[in-house]
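Chain IDs A, B, C and D follow the sequence of writing; residue 1 opens each chain.
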């Protein structure tokens, strides 16, 4: 259940590259050119691991803005955000309260365009309010996971040695535990609430970022411009934040949009299983309650599901668009 | 011969490498168990209905639950060494046995889903790569991205609506016709009928991953120097693709297949709930509902073992496919 | 002597650029023709055009002609071209590291070309592969044949590439910077091998290189390219004794290798100012922005190739030989 | 007192194939104002040696002294003052500049780190050096990818010279450049040497470049220096068979072609041959060479060779 898995290949690839680069540096064989350029196995998102692309912001923006898929994604996401902000104004009453006759089908009553559920709750109100929790969890889990992951990955990748060994072990442990099972355990132990769900998703998503960041840092650390920085006596902080991080950022940015999508999927799956915040309506919990009635009132399952699919799709389209814009080599193939 | 030697060497390295990870997971597991609200004594007392503080305390000392944490960790490790994952009061049987009953169901589901995902994914990806940048590629790209965005539990429910409720072609849940007493091929077909929908729901997401991966991988390999050499030899495009591109392009895909076992286990939890499939996932769901943490953590531990085993298997496969591995 | 390969007016076009323009040259049987130029001169694209292996974004202009053994290669059906590739025209590349399939033994990579073109059985092809490894002087070929490329050194890999290339005794071998990635002592071995094979198998060799020293020692005839055009052609002796084009002259005097006892204390090396990038989009002589003899008229049109002496061509109207007064040049201008 | 003196320096790595002895006992001295050329084939350890001298790679054993001061075990913080005085120019002008910084940013950072004056003063220093290395003044607002290879190498040189170093390690500074650009960069390096009184440790695989550029030449093979002599002597009277082979292998239009001077491949630095490390490829090798490693002996004033047969070769 983790989209972010897809990102793993690229950092495996980058790791191998870094190892190859180190070896080349060690044997002094750098003049032989890159050993086995096909060692950099590609992945679904990007082939451009740590080759330090020459991209400037404006060019990337142009590419992104001329990509219809990415624009559609961005547009739809903006719409969802707007809806989430407007929900309390449009439907000020609690979406969990009964407002009408149960089992109104969509279109049956213009006051309830998407119908009502088995308890007479307004489906549209539920979906609009559900956007709030999805985006909240998606955004904050990503910010937390990203921050922690980048810190750990950067530390491991930059310093290497025993620090790296220890941190890699930690990452490996978290990547070996099946992430969704761990998520279920964490939320079950901590008692479901918006905060615990967010924290738990952050806990299971940081290793992916950490691994990616580490691989990028390891590869970029070997580049001559970083060696030059060391030879000029720059401090660690300056090298990490001024020299390496800006170059490691593009894949991390791409990953972050995928992470938001993954977090939304995770939250919905948790709520579907009854492990969401019980006081808040969410798309997953709507599907969860709708599923008992799937034989008769399948629209109760279908509609919130479509909301998830389109929101996640929008984020993934943005991710692809960012990837094309930030990693120019890959965009030629598209 | 060389391939065999490579494989053996890789196996040894992989296993040695897995030991500290495994220890880390066990310790983590233990502390999670400590964090869980209530303990087995509370649960049993709760089940019994009438519990006094004294009787609970008695239960605690009987199970060693009042010992210091480190002693308890020692006990836990000792139990694990004897393949004991604890006792589930709710099911009235040892957790290991409980999991043992459910494991085959999940494995069958996962293997079928993985097979569907890899086959379909590679075909789609190869098609996309062949038409890179043109209409079929664009369409398939959107489709795969859609697969990538659909929650498996939702597509599961939608498939039920379509194929069981509306069309009535396939069963909506369970793992076999109850009381049918089929054997041999008919039994197999019966199971297969029950498995189509859950396996498809679980696979779709991974179809998308493998399709995108194969596409990227093939495009990458296509631009490699050795492919140019192959063309310079006068080989046909078919021969170049089948003998030179494909094998190199599949290497990253073998790597990924192992990494997905963990993810698939997670997906199975949700899909099994949807289809009442009697596997680990459903067990996990029931354990959550009952707040039976012993079972839940047993599942977590065991599934981690499964992931480690899968990774080892993939490393071996990898070593066999890629001659460069042994050199490292 | 009838020529084996005749290239006429070759122009390679991308959407926004023409990296090779109006290039003509020919090569006779068993001859070595060197094409020299720095990066961006279009020499490698020329080689790929001869093999019809240009990247899909590139196309050969309609007026270009490539005639090989009397056959026209432009517009040849893909199937026909495949029969020529690897059998009559073979090619080796700059990077022996990446030019071999990493997951296939070298034996099978050599055998493959024999099985495809000479319809040999697997066993026969393997036997021939061992012979070929011996031919390219790889020690213990019967053991090495089951090695993977990563088990070999760079020099060995380039030998394997050569074995693949000469497996079907081609009439023409195109070597695109075959020794650039190799150390100087290994370079000597590989060039030696190439030349021996050229004589033994009576094949012509197109040696594409940026190394003037290599050209001088190994070529029968030299084409100097700059920014996609041929600027000079001569026998190597003539070229080094008496370079005519200002670019060739600049290169020779800029090269420390060709000024044996010259030391930095004796003075600076002669520079060619600027870089090849300046040639992009220029009307007129592509070398004009960097030329120390440029005049206003150089910007008007591309200077045509003139024949300043026997067996020589140069694309500069203002050239003056330090030796014999070229009669042909004075005829035109 | 020499500017740089290195004695018995060893840099070993652990690698998959075992211990990799990249630098395996090197002594070298760079005098003030001198250009020392270091030649060898890829894998001989010359680049590692250069980086070890700058403490960018940690030495395994030996001693590095700069102006008589031992810097072998100094920690990175106290090394900072020395860093100003030893700089490096890299081979690949594409990889050695941060693609996300403008030339101005790239050149300003060293001045900030070493606290060289206020902003106005820094700008003054930068525009000065930019003019000196022959870049247009508007370069400082542009990014590295907007420049050609030769221009980037000029930027690299500017960065190295910013802090007024005394020693510059040049690691194959012209190998990635086209011939017509090489001369520009070599001339610039000579100019800068004269202007700033620099000393160079000039690492290259290209003998002809070293021949033009060096005052003294060291020839390196598999982690060791095998011959050391002043430029003229080395070329008129090379004593080590490897040096001779290297010279013969360079294709030279001025002389007829001859058979390849050396057979075989460079052995791996993780599996260095016993005895003389060159004996596996040496046309003159004797039994003594196979078992005993030759000492680095002085055969003439300022001319040292590590070969048992050095006195027989002329």
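The rule is simple: a contact is a pair of C-beta atoms (placed from the backbone, for glycine too) under 8 Å apart; a residue touches a chain by one contact, two chains touch by 3 or more.
Bear in mind the structure is a predicted one, so any value in this text is a computation, not a measurement.
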Of all other chains, the one whose Cα centre sits farthest from chain C: B
Most extensive contact between chains (C-beta pair count): A-B
Centre-most chain [mean C-alpha coordinates]: A
Centre-to-centre distance between chain C and chain B (centres being mean Cα positions), rounded to whole Å: 54
Chain centre separation in whole Å, for chain D relative to chain C (CA means): 32
Interchain centroid distance [CA atoms averaged], chain B/chain D, Å: 53
Chain centre separation (chain A, chain D; CA means) in Å: 46
Junction residues of chain B - those touching two or more other chains: 224-226, 248, 251, 324, 327
Residues of chain A whose C-beta touches two or more other chains: 32, 36-38
Per-residue multi-chain contacts in chain D, two or more chains: 16, 42, 205
Complex interface listing, chain B residues touching chain A: 20-21, 24-25, 28, 32, 35-37, 132-133, 142, 145-146, 148-154, 157-158, 160-161, 165, 205, 209, 212-213, 215-217, 219-221, 224-226, 248, 251-252, 255-256, 259-263, 265-267, 269-270, 273-274, 284-285, 288-289, 291, 293, 296-297, 299-300, 303-304, 307-308, 311, 324
Chain A - residues contacting chain D, complex: 23, 25-32, 52-54, 56, 223-225, 227-235, 238, 242-243, 246-247
Residue ranges of chain A touching chain B (in the complex, touch as defined): 1-3, 5-6, 8-9, 12-13, 36-47, 69, 169-170, 172-173, 175-186, 188-189, 191, 261, 265, 268-269, 272-275, 284, 287, 291, 294-295, 298, 301-302, 305, 308-310, 312-313, 315-317, 320, 330, 333-334
Residue ranges of chain C in contact with chain D within the complex: 38-39, 153, 155-156, 183-189, 191-192, 210-218, 236, 240, 250-251, 254-260, 262-264, 268-273, 275-277, 290
Interfacial residue positions of chain C with respect to chain B in the complex: 51, 53, 82-87, 90-91, 93, 95, 98-104, 112-113, 116-117, 146, 148, 150-151, 161, 164
